[in-house]
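One chain, chain A, appears in both complexes that follow, with chain B as partner in the first and chain C in the second.
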Partner chain A sequence: MVTDSPLLAVRNLQVRFETLRGELQAVNGVDLTIYPGQIVGLIGESGSGKSVTAKSILNVLSTPPGITAGEIWYRERNLLDLSPREMSKIRGQSIAMVSQDPMSSLNPVFTVGEQLRDALLWSEIVQDSTSEPSSWNLIDRFTRAGRRRFRRASAQAVEDLRQVELPAPHQQVKNYPHQLSGGMRQRVLTALAWAGQPDLIIADEPTTALDVTIQAQILMLLQDLVKTRGASILYISHDLGVVAQLCDRVAVMYAGEIVEEADVREIFENPRHPYTEALIRATTMASEDDLVEIPGEVPNMLALPSGCHFWPRCPMMIERCASDTPLLAVVGPNHKSKCAVIHGEWV
Partner chain B sequence: MRILRFLIKRLLYLIPIMIGLITITFVLMNVIPSNPVRLAIGPQASMETEERVRRQFGLDRPVWEQYILYYERMLRGDLGRSLVTRRPVVDDLQRRIPASVELAIVGMFIGVALGLALGVLSAVHRDKLIDHASRVAAISGVSIPAFFLSLLAQLILGSALALFPITGRISFEVDPPSAVTGLYLLDSLLTGNLAALRSAAHHLILPAFTLSIPILALTARLTRSGMLDVLSQDYVMNARAAAGLPERIAIYKYALKNALIATVSQIGLGFGALLNGSVLVETVFDWPGLGLYTVTAAINQDIQPIVGTTIVTGFMFVIINILTDLTYRILDPRIEV
Partner chain C sequence: MVDQPLLRVRNLTRSFPVQGGFFNRIVNYVRAVDDISFEINGAKTLGLIGESGCGKTTVAKLILRLIEPDSGEVMFDGAHVLDFDAAQLRALRARIQMIYQDPYSSLNPRMKVFDIIAEPLNIHYGHQLSAKEIRHRVVDLVKRVGLHENDLGKYPHMFSGGQRQRIGIARALILQPQLLVLDEPTSALDVSIQAKLLKLLLQLQREMQLTFLFISHDMRVIQLMADDVAVMYLGKIVEYGPIEDVFSNPRHPYTQALLAAMPTPDPGNRLDKLVQLKGEIGDPSNIPAGCPFWPRCPQKIGEICERKPPQLLPVNQTTAVSCHLYHEPGHEDFSPLGKSDEILARR
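Let's look at the complex of A and B:
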C-alpha cells in the first residue's frame, strides 16, 4: 500500500504568532510525511500545536501568524509557494479538513443540505477544466446550465448524506444544524469534507465532543471511506486509544515540536521518549472517558523551558537536559525520538 | 407557520400598547396647565360661550367619563381640530404622514444600505485605510447634530453648488402626482408621471441623506463588530477548509448572513434616532411632514395635533419594531417564537 513518493511532506514547519504578551512559537520545525492510503496520527496534549499545524497546511489560520516558514509539499508542489487562487483550488478538492467541534463547525443559518450542496457545486466547478472557476457559479440560478447544476448538486447532497449513514437524508437536508445531534453533525461534516473528493483528509479531533459509541461509529466511517476511496488521513487527537485503533503511523507532538515518530505497533511496544511513555501510561490507567492527565504542568508556550522542553516534567531528566537541545534522531527501524538520554547518559 | 404565529402574537400586543399610549396622552392633556377651550374660542368670546363649548365636548363631566369619551372619539377617528390650521387633525395627518413616511423610508434605506456596505468592508479590511476612514465617518455621523448637518448640506450642496433644491417636496412648477398612497415617488411611478418623479426625487435627496446619517453610522458600527465576531467563527474557516469554498462566498454568503442577524436585531433602535432627526430635518428643509407639524403645534400650544402625532408616531414605532423582529426571525432559524 505504501509507495515511494509521499502524498504530503511537511518539512521544518515554523509558525509564530505575535501576541499581546509576546512572541509565541506555536510550531517549531515540524516534519511530517504521509504516503497515499496511510492514516497518520498526530497526538499530544492540548496546546501542543496540532491544530496550528493542521491549519497552516491548508493556510486557514485565522490571525495571520508572524512567520510561516518551511515547506509543505503536496505531490510535486510546495503549498507555501502557491498563489491564493491556486491554494483555494487545493482546499476541499485535494486536502480537506474535518474539524474539531461539530457544534460550531456548521453554519447555523443555512440548512445542512445547502451547505453540502455548495461544497459539491464548487467542487464540480473547480474540477471542470474547461473554464476558470468563479464565485458567480455558486449563485447562478438564473441560467439553465446553472439551474441544472444546482439540481444535480442537491441530489448528490442527499446521496452523500446517505453514504455517511445519516438516517433519512431526504428530510435532513432541509434541517438546520441545531436540529441535529452531535453525532449527526459530525457525519454531515465528514460528508462536507469528502464532497470535493480530496485525497487527504485532515481530521482535527473529530470525535472529541462525542460520546464513546458515536465516536466509534465515526471512526468506522472514516476507515470505510479511506478503504473505498483510497485517501489518506492525518488524524489529530489527544487520545492514544483512538490512534492505536485507527492509525498506521504516529507522530507525538510536544510544545510545538515532534518528539517521537514511529509505526503504530512500534510506538506502543517500544516507546523511546519519556513523554510518549507518560502518554501511554496515562491512557492505560485512565478509565474510558476520563481525561488523560500527565503529571506536571503543561508548558507555557510564551516561556518555554530551555534545552529539552519536557525536562521539568521528565522522570528521566539529567542535568544536560536543561541546557542542551536534543535532536530528533533515528533510534530504530522507521523510528525517531527526540530524547538523548539512554540509561541516564546523554548520547 | 412559525412566522405567522409570531405576527399574530405581536399584533395582539399592539392592543395594550395603544391603550397605554392613549392613556398617557389623556393624562398629559389633563395635567397641562392650559385652557384648551379658551385657546380654541379665542380671548374675545364670552364666558357663556366657553361654558357651552365646555359642555359640548363633555369637559364638565367627571374625569373617568371623559376618559371613556376620549376612547369613543379615538375609535371614531376624531382627533379634534388644530388651532393653527383650523382643520380636523385627522385631515392634517392624512396629508402629512405620507410625506414623513416617504422621507423616513428613503432615509432608512440609504442609511442601512450604505451602513451595511461600510461595516462589511471595514471588517473585511480591518485596520486598513477603509476601516479607519469609516470609523471617523461613523463617529462624526453620530456626533454632528442633525440640524447642523442639514444646514451644512443646504449651504454647500443646495446654495453654493446649487445641485439640489433647498426646501419642499416638489417643485412649484410641477403638479404633484395624483394621490394613491400619498408617497410622491410611488404615486408618480404608478401614474407614469415622470416630471413629478424627477422633481420629487430631486427634492428628496438632501433631506433623506441628512436624515440617514445617524442610521448609517449605527448600522456600520453594528455590522462591523458583528462581522468581525462571525469571521473568527469555526464555521467560516470550515466553509473554506472543509467545503473548500472560495473566500468571497465564505465572507459574503456564509459570514454575512450571520452578521446581519446582529445588525437587524438592533436596527429598531435606530428608528428612534430617525424620528428625532426627522423633526429637525423637516423643519430645516421645510418638509411638510409630521415633524414640522408637531413643531408648529408645540410652538402654538396646539394640543390636539400633538396628541395626534404622538399616537401616530407611537404606532409607527411599534410597527417598525415588529418588522425588524420579523426580519430577524426570518434570518435566524434558531429562534423559536
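Let's look at the complex of A and C:
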C-alpha cells in the first residue's frame, strides 16, 4: 500500500480569512498524504481547522472565501491550479464529500430518488468526453439518448440505495428527506457521494448526529464500501473512539496545525504529543483520574500564542515553548510529532 | 445515606396525541414514557441512557411537572409531587433544578451573567434577601464553578460552550437544590471541555451532597458519573441496576448492543464487533406489539417476543431486566412491581 504513489498529497496548505478583527490563519502548513485504499482520520476539536482543511481540498470554502496557498496534489495535478470548470469535474467524480448534517445537505423539495438520479446523470454527462457538460443534459427528456440516460440513472439510483443497505429502496426513492430517519439520510448521502465513482471521499463527521447503534452501522458501511470499491477516505472527526475503530492512519490537528501523525495503533498506544495524550485520556474516561485537566480553552485563532500554540495548556511546557516554534519531526516508525520537548530536540 | 430515596418514580406513563387528517383529529398516540419506575437515593446518581426518541427527556420533564403525566406517581422527599398546587410546585422547583443540553439556547442572550445566575434567587427569595447578600452568593458560586468574578458583567455570547455550561450550572445551583436533572449536559462540548465539566460536576456533587438524574446517550459518560443505570428503549426501561453490574455483565440484548457499539479509543477491537443490531430505532408512534425491541433483537427467542410484552423482573439481588430470555414462562404471573420493590428495598 505504502509503495504506491499517493492519491492525495497536501503540501504546506495555508488558509487565511480576512475578518473584521484582523487576519485569521485557520490552517497553517498542513501536510497530509493519502494512499489508495487508505482511511485517514483527521482529529481535532472545534475550531482546530479540520473542516477548513477538508473544504479547501475541494475548493468549496464558503463565505468569506479563504486565501489558500500551498499545494494539493491529486494524482498528477495540483488542484489549486485548476480552473473552476476543471475543478467542477473533480468534485463528485474524483473526490466526493459526505457532510455532517444529513438533513441540511439534502434538498428538502426533491425526493431522494430524484436527487440521486440527478447526481448519477450529472456524473455520466461529465464523464462523457464527447461534449462539454451542460445543465441542459440534466433535464433532457426530449432526445432518445436523453430518455435512455434518464431511465438508466433512475434504475441505478434504486440499485445504489440497495448497496448502502437502505431497506425497501423501491419505495424509498419516492420519499422526501424529511420522511427518512437520520441514519437513513446518512445512507442516502453516502450513496450520493459514491454516485460519481470517486476514488477519494472526504467524510466530515458523518456520524456525529447519529445514535451509537446507527453510527456503528454507518461506519461498517463505509469500511465495506472502501473494501469493495477500493477508494480512500479522509475521515474528519472529534471522536477518537470512532477514528480508532475505522482508520488506518491518524493526524491530530490543533489550532490549524497538525501536531501528531502516525498509524492508528501507534498513535493510540504510544502518543508522542501531550495534546494527543490528553485527548485519549479524556475520551477513555475510565475513572475520574482520567479527566486530566487540559487547562484553559481552545485558543482564539485571532490571537494565537507564540511559539508552540499548545504551551499555555501543556503540562510539559518549558520556557522555550513560548518563544520558539517547534517542527513536525520524526519520532518513530511512520510517526511524527510537533512536540520538541518530547522528541528531545529541546532540553 | 437517607432511609427513603430522595426521588421515587412509580409507573410513570405519558403519551402524546398525534393530530392529523380531517379537522386535525387525533389519529394516533405516541407512547413517550410507558410505565417507568425507578428511584434515586440522596447524593447518588442515576444514569438514564438510551437513543434519540426513547423518552429520556420526557422523563425529566415529567419529574419537574413541566409536562403532566397520564398516570403514575412521583415522590420527592416523601411528598407526592403530582398532588402539589402551584405554590408547592414553585417551592419544589427550588429543590429540583435542571441543566440543559444546549449551552447556546438555554441562556438569555440579553441578560448579563450576573442577572442570569441571580434570577432564580430574585424569583424565590427576592423580597427576603438584600442586594448585597444576593451579590455575595452569586460571586461565591461563580468561583466554585470555575468562572471569574469579572465574568459577571459579560453577556453569554462572550463565552465558549464550556463556560456557558458552567453558567448554566451556577444558575441551577444558586438555590441550593437537592436534585439536579442533567439532560445531556456535555454532549454539545469538545472532549477536553467535557472532561473538565464532568470533573466539576463530580466535585460539586461531593461538596454539596447533590443527587443527580443524569441523562445521556454516551455510555462512557454514564459509566463515569452514575451509581445506578436505567437503560431505556422506546419508552420503557429494559434494564435497571447498579452500574458495575449492568456494564460488566449486560443482560438485555439491547444493553449488550449499546455497549458493544460504543467505539473505544483502542485500535485493537475492530468495527465488525461494533455492529450487533440491524435496522433503525423503532418509531415511537408505532411501537411493535410484544417486546418493543423484537424487530431488531439478535437473540429473539420466538413467537413469545412478538406477542407478550416482557416485564421488568429481577434477575439477581440488584438488577432487573425486561427480557423473556431471563424469565421462564412460569414466572410470568409474578407481580413485577412487587418484585422490583423488593429489590429496591434491599438496596
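We take it that the second predicted complex is superposed on the first by the 326 of 347 C-alpha atoms of A that agree within 3 Å, B and C clash if a C-alpha of one lies under 4 Å from a C-alpha of the other, contacts with A are read in each partner's own complex, and residues count from 1 in each chain.
The rule is simple: contacts are C-beta pairs under 8 Å (C-beta built on N, C-alpha and C of every residue); 3 or more make two chains touch, one makes a residue touch a chain.
Bear in mind the structure is a predicted one, so any value in this text is a computation, not a measurement.
After overlaying the two complexes on the shared chain, residue contacts for A:130 are found with neither chain B nor chain C.
In the superposition on chain A, contact is made by A:284 with chain C only, not with chain B. Of the two partner chains placed by the overlay, only chain B lies in contact with A:91; chain C stays clear of it. Legend: residue contacts after superposition of the two complexes on their common chain; A:242 is shown touching chain C, with no touch to chain B. When the two structures are aligned on the shared chain, A:215 is found in touch with chain C, with no touch to chain B. Using the contact criterion defined above for the overlaid structures, shared-chain residue A:228 touches neither chain B nor chain C, since it reaches no partner. Using the contact criterion defined above for the overlaid structures, shared-chain residue A:45 touches chain C, although it does not reach chain B. In the superposition on chain A, contact is made by A:55 with chain B only, not with chain C. Comparing the two interfaces of chain A, the one with chain B and the one with chain C have no residue in common.
Every residue of chain A that touches chain B in the complex is listed here, in rising order: 55, 58, 60, 62, 84, 88, 91-93, 96-101, 104-110, 115-116, 118-119, 122-123, 126, 133, 135, 138-139, 176, 178, 189, 192-193, 195-196. Those residues of chain C that touch chain A in the complex are listed here as 51-52, 160, 162-163, 190-196, 198-199, 202, 217-221, 223-224, 257-258, 260-267, 269-272, 274-281.
Considering their complex, residues 45-46, 167, 181-184, 211-217, 219-220, 223, 238-246, 264-265, 268-269, 278-288, 290-294, 297-298 of chain A touch chain C.
Taken in their complex, chain B has these residues touching chain A: 231-249, 253-254, 257-258, 261, 331-334.
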